[in-house]
Each structure stands twice: as structure tokens, then as C-alpha cells.
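The following pair of complexes shares a single chain, chain A, combined with chain B in the former and chain C in the latter.
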Partner chain A sequence: MLKILKYTFADLIRSRWSYVYLAFYLILGFVLLFLNNDLSKAVITLMNIIVVLTPMIGTIFGIMYFYSAREFTELLLAQPLKRSTIFIGQYLGIALSLSFSLLVGLGIPFLAYGVARSSEIWDFGLLLGVGAFLTFIFVALSVNIALRNENRVKGFGYAILLWLFMAVIYDGLFMISLVMFDDYPLDKFSLVVSVLNPVDLSRILILLKLDISALLGYTGALFQNFFGNGWGMFTSLSMLFLWSLLPVKLLVRTARRKDF
Partner chain B sequence: MRLRNLAILYFLILPFFVRASPVATIRVCKDCEVRTITQGLEAASAHDTVLIEKGTYEGVALEIRKPVTLMGKEGAILDGKSQSYILRILSDSVNVSGLTLINAGRSYTRDYAAIYLSRVKHFSIINNVIRDPFFGILIEKSHKGIISGNLVTSNRIREDDSGNGVHAWHCSGLTIRNNELSGLRDGIYLEFVEQSSIEDNNSHNNIRYGLHFMFSNHDKYLRNIFRENGAGVAVMFSKFIEMKENRFVQNWGTASYGLLLKEIYDAEVEGNTFHENTIGIFIEGSTRINYTGNHLERNGWAIKVSGGCYLNIFSANNFLSNSFDVSYNTKMNDNRFEGNYWSGYSGYDIDKDGVGDVPYRPVKLFSYIVNKTPENIILLRSLFVDIINFSEKVSPVFTPDDLIDNTPAMKRLDYDQNR
Partner chain C sequence: MIRIDNLHKQFGKLKVLDGVTFQVESGGVVAVLGPNGSGKTTILKTILGMVLPDKGEAFFQSNSILKQWDYRKEIGYLPQIARFPENLTVQELIDMVKNIRSVEASEEQLIQRFGLKGFLDKKLSNLSGGTRQKVNIVLAFMFDSPLQILDEPTAGLDPVSLIRLKELIREQKEKGKTLLITTHIMSLVEELSDEIIFLLEGKIYFQGTVSQLLEQTHQVNLEHAIAKILENHA
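== the complex of A and B ==
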């Protein structure tokens, strides 16, 4: 498995798109810091970008790579290797190379501007951690879609739809249900709903760490209470773990049964 | 010849003695004839000066019942021994200056203050330092006085065991100027205070309000700085107030705001700066107020309007990078927005007259929704919110129709930011 991981990683690390992605984050980081020179404000702007962009890139990249590496996969399948080894290896290769681009691309400019010595280091670390988590989750989901759909156009369609649902439509439904059930106590409900979606969960985890959390008022205080104590933090982290593990499990199952 | 010289000298010097003789200066020091302030005050007659030399003196409820001037030299300290008041001023025309007052009493039943004035006129409290008092300067039913250049600091944590820096009740004609107040409950608290002016004070890091204003009409407060107070500045139940060129900075917290206006009529809010407050201006039940030339930057809500606000005019203000520019909780609008600069404005100006050709709608759909169901705030900064805000901007359906700025400025209005 490690060998396959290594090959996939090496293959991706050499590909043009990885460099483009890395360069994008590098430029973004430097431009952000150059424009306002304020680490905490840069972290806020970055949050917006990471929460929306890493799932998208993860989804598209995952599915693209998986479709294009199909011949290689078939070659590997002809070897005496376990299927789970092959697919987990490939999945980890993609996810790791994307996370690597993210960490290096944003890490360098922020380190250069002295994030290590500022109080923002924890927020920034959380931001990168959340970004990496989102990458893993969405790559796993997209590989699942790729495995289940031979038709590439259809696969792409589903992948984009998945991202759209998680990043946009889910919030829309959330908002509508909040407005509809206005007369009921909604705090527990909103807590549960936002923990279930990894994109929302990441956004709120970061928001609560920033100054802007004061805007959240009563609801924010409730969330702060939940995420502030050990149990809440444990729940949210295990939720992120669950979100990254379950698709992988599903992936292994699908791969085992699939007829290539 | 010598005799004549002497005579001239005599007549030259005489007027000084004549003028000086009724006003004596009584020195108080550790090795003087007068060793305590009580003795000094006893020895003084009306309009004398009691000059306190360097040293620490006991000052437990010292009563001043004559019009005297109490003047401290550098290093003159009055120690209240944590018992009750330090100075009780009960006579007209008393001046207190240059003193350092420490260890005033603290009580849950009495309003102990470092300097307490009751039913007096024409007083002045100048350049004193008051450390860790319960109330700093407490003024009751007094008129025409100056409180200037004082430093009142404390480091209390709880609201219920702290007092106010300058507390005035049923007063008129006060001038409160150049004071620095911090770590208290309210920096300045005014109740039933008329015709007074509060200028150039710096009120910061107080537990509750930087300035708290109740039932006080015809007052003005100018050029003050209110920074990092628990809940900002509250102005309530007052008429005819001028608020000009103040700075409200970093009053940040879930229940905090720069300026709260509640039941205010006929006021002018002009040229103030609101920077990084959770809510810049929070308005409730306030009518006929003109907001002109204010600078609102990086606040959570720049202006939050609750019910019962009529005939308010917001003109020529700068709204820069606020999370929400204006928030309304009703569909009815009787207030006007004109000629403001909005950093979120994306219209154009074809005839180049500096006024945007497309009206600006300061209330975003998301802020409308949040007002209806506050739980929705949890979707703050979600991509979905940006999308619905955009679509509402393109074709407004939910936000009040008449809540628009028809003449938005194209360029940021230029006000001096360093004042």
C-alpha cells in the first residue's frame, strides 16, 4: 500500500496541477498578508476561501485523477495485490498531495510574516487542520463517486452536485427550516444540524475562535458553550474523523465488489 | 532722599499686603506647625488656601464647610484608610487640586466616594489622582462646577462591587473635561444633569459603560474617547443632546455596542468615529436625530435600528467594511438615508457628479432574516448567504422598499481620522 501511495503521490506531485494549486495558495497567502498586513484579518479571509475551496478542489481533483489513472489502476489490479490496498493507497496519495500543497502553500507566507511568534498560531493551525480534514473527506467522497460511475460526465456531475449540496444547498435548507420552525426552540436543532455537515462544522469551529464570534450573540454563546468544553470538541473532532473514515470504508467495500 | 525712597517703596508694596492679607496660605507638612489637614482646615478662614506639602496624610471623611482652596504639592497623598469618604465638600466655592487620594472606603450600603460634593456651587476639582476608589467623584444637587484633568483608575472585576468614576445626580452647569477614567463600573454617569458639557475625556476599560447618561437634557459631549468598555456608551431618556467628534473604539463583546440611544429626542450625532464595535450605533425609540459626517468602520453592525425610530436622517456618513451596514427589525421605515458612502456599493456614476446613479440598499437580506430568526446568525459567512444577498441585491423582494440611499457618494467622504 505504501508503495502505491508513494507512486500516486509522486505522480501527482510532479503533475502541473499540483504546482498550480500550490502556487495559488502561495500567491493568495502573500497577497493577503501584503494587502492588510494583519494576521488575524488574513485568517478570517482565508477561512472563507478554505471552507469553500478545499472541498471543491478535493472533489474535482479526486475525481479527475481517478478517471485519468484508470489504465494504471487496471494494471495494478492485474497484479497479486489486495483491492483495498490499491484503492486506499491511491486515495491517500491524492489526499496527501493536496493537503501538502495546502499546508506548504499557506504555511510559507504565514511563517514568513511571523505567525509562529504571534497569538494567531492556534487559529492558523486550526485553519490548516480543518482544510486538511476537508480535503481528505471530499477526496474520499469523490473517489467513491468515480468508482460507482463508469460514465465520466455523469461522475463529474454527481461530484459537483455533492460539493454544491454540502457547501450551499445544505445551508439553504438549514436556513429555511430555521425560518419555518421559528416558534420552536431551535438551538439544539441548529447545533445538531451544523455538526452533521463537515463544511458547516469547520466554518463554525473557526468562526468561534475568531473575534467575529461576538456577532453570533446568544446562539454563538450556546455554540461556544458546546464547542468550548471537552465533550463538544471531542464530538466535533470525532465527527470530522467519522466523515473521513466512513467514505473510505464505503470505498473499500465498493472496490471489493466492483467488476472491472 | 533715603526717606523719600522708603516712602515710595512703602506705597509700592502696600497694595500687595492689603490684597494679600485676607487670603492666607496655610502650609501643611510633617514638620510644620500645622501637621494634619483637619488642623489646616480649622485654621483656615474663608477663601484661604491650604497648601499640602509632600507626604501621606490621614484623610477619613474630611469635611470642608468653608469656601477654601485645598491644594496639593507633588507627592501629597490623602489616605482614606479604607473606611469611608475621603473628602466631603459641603460648602460653595471649594477648589481641590493636585491631590492623590487612595484607599477610599467601599461599602454595599453607602455610596462612599473619594471626593463627595453635596448641594454646593462654583466648585472645581482639578488635576487630582484617585486610585482604586468605590466612587471616584460623587456630586449631588450641585451647580456650576469644573471637574478637569483628574485621573480615576480602578481594577474592579464585578459590576456590583464597583462604583462610577464621575457620578453626577441632579446637577447643572458642570464641565467635565480632560479626565481619564478606567476600570470602574461606569466611567462617567449622569442622571438628571442639565446644561453640562463633557469634553475630551478618555474613558476606557470600564466594566459597564464608558459614559452613562439618563434623564439629562440640553447637554453636549464632545471629543471624548470611549475605548474597550464592557458595553460601550449608553444615552437614555434624554432630549436635546449634542454628540460630536467622539471616538467609540473596540467596544467588542456579545452584548456590547459603541453607542446606545434609547428614547432620545432631537439630538445631533455628528463627526463621531465608530471603529470595531460589535454594534456601532444601537437605536431604540429615538426620534428626530441627525446623524451627519460619522465614520463607521469595521463594526459588526454599523447601525442597528429597533422599533419606534422616526424622522431620523442619516446623511454624509462613511460606512466601511462593516459586517452589516444597517439592520432593521420592521418593514416600516420613516428614516432617511442620503449621500452616505457605502463600501459595499457597486453602482456607477455616468455623469461624474460624485453621486452614484443607482440607489443603494443598506439592508441585506441576511440581516433581515437574522432579525426574524436570530438562530440564523450561525450561517454567517456561509457561501449560501453571499448568494442570497447577491440575488436580493439584484431584485429586492424582502427588504423594505423605501429603505434606500438614493444619492450614495462614490468616494469615501474625507474626515480627519486622527482627531
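== the complex of A and C ==
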């Protein structure tokens, strides 16, 4: 598995898109720091960008790589390798190279600004961690879509829809349902609903850590009330773990039954 | 060496294999022939474990291959379409496959033979279709595998490389290897193959030597014999 991971990583890290992605984060980091001129504000702005952008990049990269590596995957399938080895190796290769761009791209400007000597280092670290989590989750989800759809246009469409749904539509629907069922107790419902979306979950996790109740919103406040800051973070973090494991399990199952 | 037992496979509504049974002894070139969509590639991929049969079984050296993977170290495979990770160089790709198999490989001589020396440090995305096919050939033949599965090995090759490929196949045969080939180039079949398996609509229509097929169809060459079968069938 490590061999597959290594070569997928080597292939991707040399692709033009990895550099574009890396450069984007570098520029973003520097611009944010110079415009805000304040670490904690920059971290909050960055959060809003990361929870939307990393899932999108993960989704698009994941599906693009899997479709373009289709014939290469066939070459690997003809080698004495287990299917799970091949697919987990490729998945980790994509997710790691994207996370690498994220860490390096944002790490450099923030380190240069002196985040390591400030009190924001933990917030910043958590932010990067959540970004990596979201990357892993959405790469796994999009690889699942790629495995289930031979038609590339369809697969691409589903992947974009998935991202749009998780990052934008989900919140809208959630809001509408909150307004419509105003008369009923919605605490449990909201808790469950926000746990079911990794994007919401990540946002809550970061806000709990930043401890800015004004930005927490309804679900965040519920989380805080229900679990308290410490337990709330623990719960959301373990849910994120679960979120990154389940799609991989599904991926292995799908790959095992697929014809190539 | 290979035994296929009552193989059925359906892709969606399309029935591709409908009870295929055959056996291939070790040593020699076996050509798997048939019109487009007759299930040639599906059979080859079933032997490789890439396509999972709906019904039936496949055996390699008397062991069932279902859910197995280790047996593939005995098989060299040349797929129909040659596409590789774009950002790796030819040398890196060769090293990677060697690394995965971790057995002795003799790629030097093959690289020389197909004139790939100058391409070793080129990225795979910059290679032409024919050059990629040559890389593909090197990858398939560089291990000392007892079974070689070649799916349309001639695709995109220039005449010189085609001659080299034929030489290579002949040498492998002399070494006692088993080669399973699909192709639409009948002269290649007449020149090289010891046995033909002819597929039609998911079933085996004929298995035997070229001369047996000619006799059966009362034709003078293979091309006409195959055309005759297809005409009779239409």
C-alpha cells in the first residue's frame, strides 16, 4: 500500500494543479495577514474559506484523479496486489498531497508572521487539522462517486452536487426547517442534523475552540450548551473521525465488487 | 494452465459471456478471436481477476482465482489502452512496476529492442500512442512470467516495432511460455498461433488449430474462414 501511496503522491505533487493550489494558499495567507493585520481575525476569515474550499478542492481533485488514472488503475489491478491495497493507497496519495499543499501553503505565511510565538497557534493548528480532515473526507466521498459511475460527466456532476449540497444547500434547508417547525422543540433535531454534515461539524468545532459565542449560531450554541466546550469539541472531533473512516470502508467494499 | 468453467457475465442488460468453458495447456500461443463485443477482453480480464464472473469459475495452475491476488505474479499483462500516470517518467514507471512485483526483471534488453532508450527520462504524458504501447510491451514482458496475456498488442505500432514484437512473441513461445493473445490482425494469428479460440455471442464457437478451422470451413486462409463463420451466423 505504501508503494502505491508513494507513487500516487509523487505523481500528484508534480502536477501543475498541486502548485496552483499551493500558490493559492500562499497568496491567500499573505493577503489575509496583511489586510487584517491581526492573527485572530485572519484565523476567523480563514475558517470561513477553509470549511467551504477544502471540500470543494478535495471533491474535484478526487474525482479528476480517479477518472484520469483509470487505465493506470487497471495496470495495477493486473499486478499481484490486493484491491483494497490499490484503492486505499491511491486515496491516501490524493488526500495527503492535497493536505500537504494546504499545510505548506498556509503554514509559510502564518509562520512568517509569527503565529508560533502567539497564543493563536492552537487555533491555527486546529484550523489546518480540520482542513485536512475535510480534504480526506471529501476525497473519499468523491472516489466513491467515481467508482460507482462509469460515465465521467455524470460522476463529475454528482461530485459537484455533493459539495454544493454539503457546503451550501444543506444549511439552507436546515434554516428553512428551523423556521417552519418553529413551534416544536428542535434541539435534538438540530444536533443530529449538524452532526450529519462534516462541513457544519467542522465549523462548530473551530468556533467552539475559538470560543466566539457571537459567531456560534444556533447549532453551535446548542453544542456548547449540550456538551460544554470540552465535550463539544471531543464529540465533534470524534464524529469527524467517523466521517473520514466510513467513506473509506464503503470505498473498499465498492472496489471489491467492481468490474474493471 | 488455465481452466475456465461455465463462465457467465452480464454488464447491465448486455450478456457478454454465456457459459464459456475451455482449457489452455501450458506452452504455446493461443489466439482468442471473435468480432467486436464478443467477450474476448472480458475473458482475459476474468483470468486476471479484474472482472468478477456472475457464475462459473476460473482456474490458474489448478487453483481457483476468485478472490485471490498473489497468483498474478505469474502473469504478464498488456492492456488494450496504454495510459499511465502523466507526471511520472518512463524510467520511474518501470521502476515502480518492478518495485511492486519485487522479482527479477530484464527490462534493459527490451528497452534496447524497442528503441526506448531516449525516452526513459521523458514524462509519460509527452509520449505518442505508439511509444506508450512500446512502454506497455516492456512492462508486460520484462518479468519472466509463465503466462503472458496480450490484449491487442499491435495497436499503434509501426511496422518495425511490429516485427520486433513478433520476434519477441516467438522467443517467448520457444522458451515454453504460454501466451494468450487477442487481435484483429489475422496474419499475426496465422504466423504465430498454435491454437485458436473463436468466440461468438458469448459462447465458444470453435477451439482448435488454424488448419482445423480451415478444414472445417473449406477456406484457404484464416481471414476468409472467419468471414465465412460470421456470414453463416448472420
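What we mean here is this: the second predicted complex is superposed on the first by the 241 of 260 C-alpha atoms of A that agree within 3 Å, B and C clash if a C-alpha of one lies under 4 Å from a C-alpha of the other, contacts with A are read in each partner's own complex, and residues count from 1 in each chain.
Everything below uses one rule, namely that contacts are C-beta pairs under 8 Å (C-beta built on N, C-alpha and C of every residue); 3 or more make two chains touch, one makes a residue touch a chain.
Owing to the predicted nature of the structure, the values given are computational and were not obtained by experimental measurement.
K.L.:
Would you sort A:S190 into first (chain B), second (chain C), both or neither based on which partner it touches?
P.N.:
The first partner, chain B, only.
K.L.:
Under the stated touch criterion, which partner chain does A:A69 make contact with: chain B (first), chain C (second), both, or neither?
P.N.:
In the superposition, A:A69 touches chain C alone.
K.L.:
Just chain B (first), just chain C (second), both, or neither: which does A:P80 touch?
P.N.:
In the superposed model, A:P80 contacts chain C only, not chain B.
K.L.:
For A:D38, select first, second, both or neither according to whether it touches chain B, chain C, the two together, or no partner.
P.N.:
Neither partner.
K.L.:
Pick one for A:D200: touches chain B only (first), chain C only (second), both, or neither.
P.N.:
The first partner, chain B, only.
K.L.:
Once the structures are superposed on A, label A:D182 by its partner contacts, choosing first (chain B), second (chain C), both or neither.
P.N.:
Only chain B is touched by A:D182; chain C is not.
K.L.:
Quick check on the output: what are the common chain A residues between the chain B footprint and the chain C footprint?
P.N.:
none
K.L.:
Given the complex with chain A, which residues does chain C contribute to the contact?
P.N.:
Listed in rising order, the residues are 11, 45, 48-52, 69-73, 75, 77, 79, 81-88, 92, 96-97, 99-101, 139, 149.
K.L.:
Which of the residues in chain A end up touching chain C in this complex?
P.N.:
Its residues touching chain C are 3-4, 7-8, 10-12, 14-15, 68-72, 74-83, 257-260.
K.L.:
Which residues of chain A touch chain B in the complex?
P.N.:
Interface residues on the chain A side: 47-48, 51-52, 167-169, 171-172, 174-175, 178-179, 182, 186-187, 190, 194, 200, 203-204, 207, 211-212, 214-221, 223.
K.L.:
Considering only the defined contacts, which chain B positions touch chain A in the complex?
P.N.:
Where chain B meets chain A, its residues are 252-254, 256, 278, 300-301, 323, 369, 372-385, 387-388.
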